[in-house]
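Please go over the structures that come below.
Two complexes are shown next, each including subunit A; its partner changes from subunit B in the first to subunit C in the second.
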Partner chain A sequence: MSQRFAIQTEGLGRVYQLKRKRGETAPKTLVALEGVDSEVKQGELFGLLGPNGAGKTTLIKILTTLLLPTSGRALVDGIDIVQDPQEVRRRINMVSGGETCGYGLLTVEENLWMFTQFYGLTDRVARERINEMLEVVGLSDRRKTKSHFLSTGMKQKMNFARGFLNDPQILFLDEPTLGLDVQTSRVLRDFVKRWVRERPGKTLLLTTHYMAEADELCDRVAIIDKGKILACDTPANLKRRLQRASIFKLQTTPLEMSNRFSDLPGVSKFIEHQRNGHTELNFILENENVLVKILDAVQAGGGHLLSLEKREPTLEDVFIDLVGRGFGDEETPLEVEK
Partner chain B sequence: MKNFRRDLNIFLRTVRGRSYPRLIGMQREKSWIFFDTFLPLLATTAYVFIYRALNAPPEFTGFVVLGGAMTAYWLNVLWSMATQLYWEKETGNLSLYLIAPTSRMAILLGMALGGMAATTLRAVTVLLLGSLLFDVTFSVENWGALLLVFVLTLVALYGLGMIFASLFLLWGREAWHLAQLFQEPVFLISGFYFPVRNLGFWVSIGASIIPITFGLDAMRQLLYPQAQWGFLDVNIEIAVLALLSVLFLVLAHRMLLWMETLARREGRLTVRGQ
Partner chain C sequence: MSTESIKMNNWHESARSFRVATWLGWQIESNWTEPFLFMIYAIARPVASALILVFMYMVIAQGGMGHPLFAYIYLGNAFYIYVASVMIGISWTVTDDREHYGILKYIYAAPIQVYFYLLGRGVAKTLTATVAVVITLAFGMLVLRIPYDFLAMNHALFWATFFLGLGALALMGILLAGVALITARHSGFIGEAVAGALYLFCGAVFPLDVLPQPLQYIGLSLPLTYWLEGLRRAVLRESISPLLAPISNEIILVILLGATLVLGLASLGFYRWCEHRAKEKGLIDMQTMY
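And then the complex of A and B:
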């Protein structure tokens, strides 16, 4: 670990000891992270992309000193998170989407002011930063509103503003746009981009399960599943993995025995969803010629084609290609490995 | 030196920042006037009438009014100090406190000072109303000693509250029940409504682990120098309170470090509903 990165992990792991249920003799464990090696450069907007339960939040909790790893090592701004957590805390902040902060009895600006005090900001600096952030999140006209009168979205915006108040070197955003409306999400994403681009040396680690968000924002993305990093590269390079593949989405009338697609030569991956009374099939094919065989198989299965769409690869396709299932799918995939 | 000044600045600002919600909350949520003054006065009134019916010496009315005023502190320590870290975890604030480069003691101290200030107003209200309603007169000869006892009692009591805060965080959901479990027995063994020496020497000594026991006893002796209801000499009680103050603050600091390490190891800091 000679070169100084904003974040660096080596073999980082976290195993939770679960409570034993009555009658169980052996202790149960849950592996949340396993052997995570990663390097995030200073000034980078780095994304962690993975489904719920993939280990993204556990990794963030470790890097923000809220959780100790059970194996491996992590450095934040060159400082060991286990050896010197207090020094790490001087350089970071964190925003978790869907979370609120502060006290309902306090106004928006009082809540934000309280958090600035935990970082030792003078009242003048605190006031300037609060004003700036309230403008960014569009809460300037609500500054004197007690936070228990705010809507859930507004509370989230207040929490988002809080994360930037200490002007951290490294900011951790854990699903920051979770549950926010499209317009607000857009505003926050734009600000996040500006924040990293306009302030050299600032680093941002973003976890999300929104593909488009990761694709749009991140310089590099690590795809994580079941506690392991499966791939890490720029969004463009990750999608280039599927450059030669053909990606199709089909909608058909309800199909039975859709597993027959797995026997077709040339089908790299496929996943199936039942939606609104029809079947949705997503294919990653070795080449377009395989499509004819798929359509034959649909017909043979008694289905009728409702729509057919050929797509450019997305990060979700990369995830499907790596893991064999989509983000919202159960862990047992319908796909077949070739 | 530079780091010390920086850390001191963060410490003091944290105390100020975290005490603010307590102070402002009292102004914005006026329900305390009913719950924290009227209700304690009811219990106080009952005891006053019992003592009057039994023809107890008049200073007993003063004892009861003082005890009624001090209940505000005990309730504040139990419900707003001891359970606070647990509730902070449940509302999502705890993780934000812990990722900040500030002292955990400063956060608890902020809560304590804010709580003390707010509760003092409530206690004074009970004391004044009780004194007016029941025609209580005190004959203080040593104001300095009285102030010292009062301050030491609060320091030790809120130090105990800080220890409880760490323990209650680890005990999780049981915290609520534990607070209820502690509330009433302490009213009894600390002698909130009667001189504690009536419980006998060993029970009174045992009860002195709760700072309010000796605090109340010493204050009663200083408010009524002629009365002969004190348990130990005031100077001894002051010494014990001073000892408890230091002991509880040191223990609270250690408990916080221990709690934080354990909770980081076991992942308890952010997992809710435990």
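And then the complex of A and C:
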């Protein structure tokens, strides 16, 4: 660990001890992170992409000094998060999306002002930053409203604004647009992009399970599942893995025994969902010729083709290719009996 | 970074943690209702609790409010308001910030000194408790005609005891905050349970002498016992408890000072340990009650 990175982890692991249920004798553990090695360069907008329960939030909690790792090591701005957590906190901030935290008895402005004081900002700088961030999140006209009276979305925006107040060296955004409407999400994404571009040397680690968000924002993306990083590269390079593959989405009338598709030669990966009374099939094929066999199999299964779409590879396809299931087909993290 | 600048950083962070937490505590304490209702609440609550004690005493002692024991009991009960307010107030901060406001993790991720943050949050509780104590004592003097003479009291003993005791209470609050940090569930009840137990053992409403001897030892090991004894001696200018009477005022102060110092070290060490355990177990942002 000689070269200075904004974030660097080496064999980072986190295992939770679970409470035993009545009648259980063996202690249970839950592996949230396992041997995570990663390096995030200074000035980079780095994405962690994975389904719920993949270990993204656990990683952020460790890097923001809220949780201790059970193995390995992590440096934030070159500082060991276990050895000197206070020094780490002076350089970071974090926002967890989907949260409605804040002191309800304080106004929006007071909630934000309080945090500027925790970060040691002068009153003038604090006022400027608060004004700027309220403008960004569209809460300028609500600055004197007690946060108790804000809607859930507004509280989330206030929390988002809080994260940028100290202009941190490294910012952690954990699902920042979770639960927000499309328009607001777009505004926040644009701001995030601008924030990194206009401040050379500032680093942003973003976790998301929205592919488009990771694709649009991130310089590099690490795909994480079951606590392990499976791949890490630029979104373009990750998608290039599937350059030679053909990706199709089919919608058919309800099919039975659709798992027969995975046996067909030339089918690399195959995911099936039942949606709104029809079957949706996603294929990653070695070449387009395999499609004929698939259509035959649909017909043999008593189904009728409703729609057929050929797509460019997305990050979700990369995930499917790596893991063999989609983001919607979530699995809980690995539980192991000791 | 040099050792000097680290110390400077820590000092600045401690000072602003305390300052902002004091402001925040006051906002939370005073903003929950209209000022008029807040005033009514601030007056009605201590007077009502004082009256409960008065009526209990009247029934049990068949009147006799002129007895020195009544002044002794009333004074201890009045100052005990601080115990519940300061100690529970500080420890409740952890539960409140984590469970109710969901903000503890953001406070923890900020460069604050949590120890000073918690002490700051206790200041507003101390101020409102002071109002309640003054009202209770004024009610006792004006309505119940208890002959307290605060002008003629032993001022040196009173103020030294008073501030040492408040310090001890705040440090006990930090200890309980540590417990609250590692017991995510039901942590709200811990403060009340401890305050209730202390009420029994520290001679708040009766002299320690009436307790069985093994329980007297518990009382003698508590700094609050010496705090209340010191305050009573300062105001009443005598000790009613045969058990504590042989101890001089100076020794009472030394015991209180020693206990406060020990509590300071213990609370710092214990809170750090609890913090470490909470980070090990992932409890800093655990929400279980709401």
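The working rule: the second predicted complex is superposed on the first by the 329 of 338 C-alpha atoms of A that agree within 3 Å, B and C clash if a C-alpha of one lies under 4 Å from a C-alpha of the other, contacts with A are read in each partner's own complex, and residues count from 1 in each chain.
Here, a residue touches a chain if its C-beta (ideal position, glycine included) is under 8 Å from a C-beta of that chain, and two chains touch if they have at least 3 such contacts.
Bear in mind the structure is a predicted one, so any value in this text is a computation, not a measurement.
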{"item": "Overlay on subunit A: subunit C relative to subunit B, clash or fit", "value": "clash"}
{"item": "Subunit B versus subunit C as contact partner of A:Arg129, first or second or both or neither", "value": "neither"}
{"item": "First (subunit B), second (subunit C), both or neither touched by A:Arg142", "value": "neither"}
{"item": "Partner chain(s) touched by A:Lys269 [first = subunit B, second = subunit C, both, neither]", "value": "neither"}
{"item": "Contacts of A:Lys202 with subunit B and subunit C, given as first, second, both or neither", "value": "neither"}
{"item": "Residues of subunit A contacting subunit B in one complex and subunit C in the other", "value": "16-17, 61, 64-68, 86-87, 89-90, 92-94, 96, 99-103, 105-106, 110, 114-115, 117-120, 162"}
{"item": "Subunit B residues touching subunit A - in the complex, by the definition given at the top", "value": "6, 9-10, 13-14, 16-18, 20-21, 24-25, 28-29, 91-93, 95-102, 107, 264-267, 269-270"}
{"item": "Contact footprint of subunit C on subunit A as seen in their complex", "value": "16-17, 61, 64-68, 86-87, 89-90, 92-94, 96, 99-106, 110, 114-115, 117-120, 162"}
{"item": "Partner subunit B, residues of subunit A touching it in the complex", "value": "16-17, 61, 64-68, 86-87, 89-90, 92-94, 96, 99-103, 105-106, 110, 113-121, 146, 162"}
{"item": "List of subunit C residues in touch with subunit A within their complex", "value": "1, 9-10, 12-13, 16-17, 19-20, 23-24, 27-28, 31-32, 101-103, 105-112, 276, 279-282, 284-285"}
